[in-house]
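Each of the next two complexes has subunit A plus one more chain, namely subunit B in the first and subunit C in the second.
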Partner chain A sequence: MVRESTLMWIQYITGLGILVLGALHFASLTFLVQGGYPNALSYANVVYDRYEDPLWAAALEAFLALLSYHVFNGFRVLLLELNQGSGWTKAVNVTMALAAIAAFLYGTRTILVFHLGGAI
Partner chain B sequence: MSAPASSGSKFPRNMRGVLGGWARVSHANFERWLYLMHRLTGLVVGLYLIAHLAETSDIVPAYLSGDENIWNNLMQSLYTPEAHAGLLIIAAFAVYHGLNGVRLFLAASGVGVGRPIRPEWPYAPVSLRSFQRSLGWLFIAVTLILTAYAFYELFVVTHFV
Partner chain C sequence: MAASEQKQLEFKVPNLEGVEKPIKNVIFRVSRFDPDRDREPYYRDYEVPVYRFTTVLDGLLYIKYNLDPTLAVRYSCRMGVCGSCAMIVNGRERLACKTNVLSLNSNIVTVRPINNLPLIRDLVTDLRPFFEKHKKVMPYIIRDDIEAHQDREFLQSPAELNEYMMLTDCIKCGLCYSACPTTATDALFLGPQALAQAYRYTIDSRDAGAALRFDVVDDPHGVWRCHFAGACSAACPKGVDPAFAIQQLKKLLLYKRNAMKSRKPAPESEKVREGTSVEEVLKSMPKEWPSPPAPK
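Moving on to the complex of A and B:
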């Protein structure tokens, strides 16, 4: 069983990673794209310039992995404050872990479909 | 020996302060407001992540069917002042949560909370008079500046030019 203090350190470390990759994500939607935000979300810009570029895809995948942990561990902390008891704690821990894995896999499908020729 | 307040458990349940705990701000200091905002912004941005994953997954059917309009039409429908007002709130909340998280990380590491001193009147905690409090104000200022930039991109460039 992982100690709560370890989980919170991971929360901080993932948070720092999200800060860096989140800044890159905002930049890629604004001043890094030609024409700024109004052009940033066209199919061509999203698919050809970002999803199909291995470096951008890797950055997005890392961003998604960090967010999946950070968000659902954050929800877990909030939910554990709402009630007490080992049954509730176990249910929240398992549900949030499964939700994090589901969110990660669902987002991964969106990012990687372009590299697997539509195989997933 | 008296029986526990709640039968069946070893210890009496103590729910005082659990529900509404974060929202109790009648005597809140600056750090308590930062904490409340950290919770609120984290919750909202976390829920937005789920919606964002669902929204961006629309690019998969566009790619598989070769019909770019599936994606472009969705984006067009979201290029509205209402949707952009929502994104502006998300941007502000995300920036605040990230920067305040850095302050919390530093404080948890013992940075910016001052050195321990002998407790002397008026017993004001050193940690509440130290660098971390200045950092709180600095990060609020940076949040406002970056929110102004987000407003420029989401409204001035997109709707007014």
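Moving on to the complex of A and C:
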């Protein structure tokens, strides 16, 4: 059984990581694309030029991992405050853990497809 | 003296006639609820003469002794020490005995029981969930040698005392518990009072019970559910800052868990305490303290 303080410590660390990697992610979609702002959010520029690069793909994967934890742990906290009971707690913990894993795996698949030059 | 000869207690409201004239009459809008008759609480208005120094508690007692003896209100010391008369006055958590009616600047004083606790009757709530949580955090000095050294004091410097001094002013009135938004939604949340006391005893240099308290507060419904709204500190009538203590408790758990667990408690004084020994006091104590019957 993981201690609540450990879960919350990771929550704070992932929050800080999201701040950094999220900023990098939005920059990569806008002014860091080739050609600057005029080409911002261009599918080809962002997907092919940026996420074929392994470093950018790794950064996006890390961002996804942080988000998957932070979002679903935050949601778990909200649900535990809204309702109480051992059955509810167990159900929320398991559901949120599975949802985080599912979101992470689905996102990873998308990043891998882009990285390998495919299209969604 | 036989029971039949026992004098009945007399409650008298001070007769202020000739001392001072009432400044104005104020409407007391009081929440009423009789569990045997009412399905839900309702408000009833009473007109109360207000003097320069009339407190909300004085107003409620005026109602009880002059207008409606069925009004249930809990109070004891009448001077902001016991915490019994905690209630919500004009929408804010206050001690009725410390709230001057004129200071409210209103011709209508709305009084209702505190939030987040079961209602027994009128302005009286069942404080048992609140005290259960207080007991859960073990609000006393824990150390292995406490039984062996009953005749000496444990040494503590003024600086060590200052670390928790502010938190010793807690009178357990329940106002912070009533104001807490997390307690309103999470019935298992320990609440600001219990968490602040957990910090108060953990940080005490004489204590060695950090590991035991950490197990209680480091829980899905423990210290981490505090969102630092600060309503508890704003509500406290004694200037205690539970919100601060809770954030400090989080810091202890994150950064000093092992250090606090292995901390050696303060040594004992070499001087033997004078006067009645603790053994003698313990011998004269009843084995079981009488307690009033639980409310139905």
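The definition used in the following text is that the second predicted complex is superposed on the first by the 108 of 120 C-alpha atoms of A that agree within 3 Å, B and C clash if a C-alpha of one lies under 4 Å from a C-alpha of the other, contacts with A are read in each partner's own complex, and residues count from 1 in each chain.
Simple rule for what comes next: a residue touches a chain if its C-beta (ideal position, glycine included) is under 8 Å from a C-beta of that chain, and two chains touch if they have at least 3 such contacts.
Keep in mind that this is a model prediction, so the values were computed, not measured.
Trainee: Kindly classify A:Val47 by the partners it touches after superposition: subunit B alone (first), subunit C alone (second), both, or neither?
Mentor: first
Trainee: Should A:Asn39 be classified as contacting the first partner (subunit B), the second (subunit C), both, or neither?
Mentor: neither
Trainee: If we overlay the two complexes on their shared chain A, which of subunit B and subunit C does A:Ser5 touch? Say first, second, both or neither.
Mentor: Only subunit C; A:Ser5 stays clear of subunit B.
Trainee: So, does A:Thr89 touch the first partner subunit B, the second partner subunit C, both, or neither?
Mentor: second
Trainee: With the two structures laid over each other on chain A, which partner does A:Glu81 touch: subunit B (first), subunit C (second), both, or neither?
Mentor: Touch status of A:Glu81: both partners.
Trainee: Identify which of subunit B and subunit C touches the larger number of residues of subunit A.
Mentor: B
Trainee: Quick check for you: in the superposed arrangement, does A:Thr110 touch first (subunit B), second (subunit C), both or neither?
Mentor: Only subunit B; A:Thr110 stays clear of subunit C.
Trainee: Do subunit B and subunit C touch any of the same residues on subunit A, and if so, which?
Mentor: The overlap between the subunit B and subunit C interfaces on subunit A comprises residues 8, 81-82, 84.
Trainee: Touching subunit A in the complex: which residues of subunit B?
Mentor: Those in contact with subunit A are residues 9, 13-15, 18-19, 21, 39, 42-43, 45-46, 49-50, 53, 56-57, 59-60, 62-64, 68, 71-72, 75, 79, 91, 94, 98-99, 101-102, 104-105, 108, 149-150, 153-154, 157-158.
Trainee: Spell out the residues on subunit A that touch subunit B in their complex, using ranges where they run on.
Mentor: Subunit A reaches subunit B through residues 8, 12, 15-16, 18-19, 22, 26, 29-30, 36-38, 41-44, 46-47, 51, 67, 71-72, 74-75, 78, 81-85, 103, 106-107, 109-110, 113-114, 118.
Trainee: How about subunit C: which of its residues touch subunit A in the complex?
Mentor: Those residues of subunit C that touch subunit A are 182, 185-189, 218-222, 224-225, 250, 253-254, 257.
Trainee: Going by the contact rule set out above, which residues of subunit A touch subunit C in the complex?
Mentor: Result: residues 3-5, 8-9, 77, 80-82, 84, 89 of subunit A touch subunit C.
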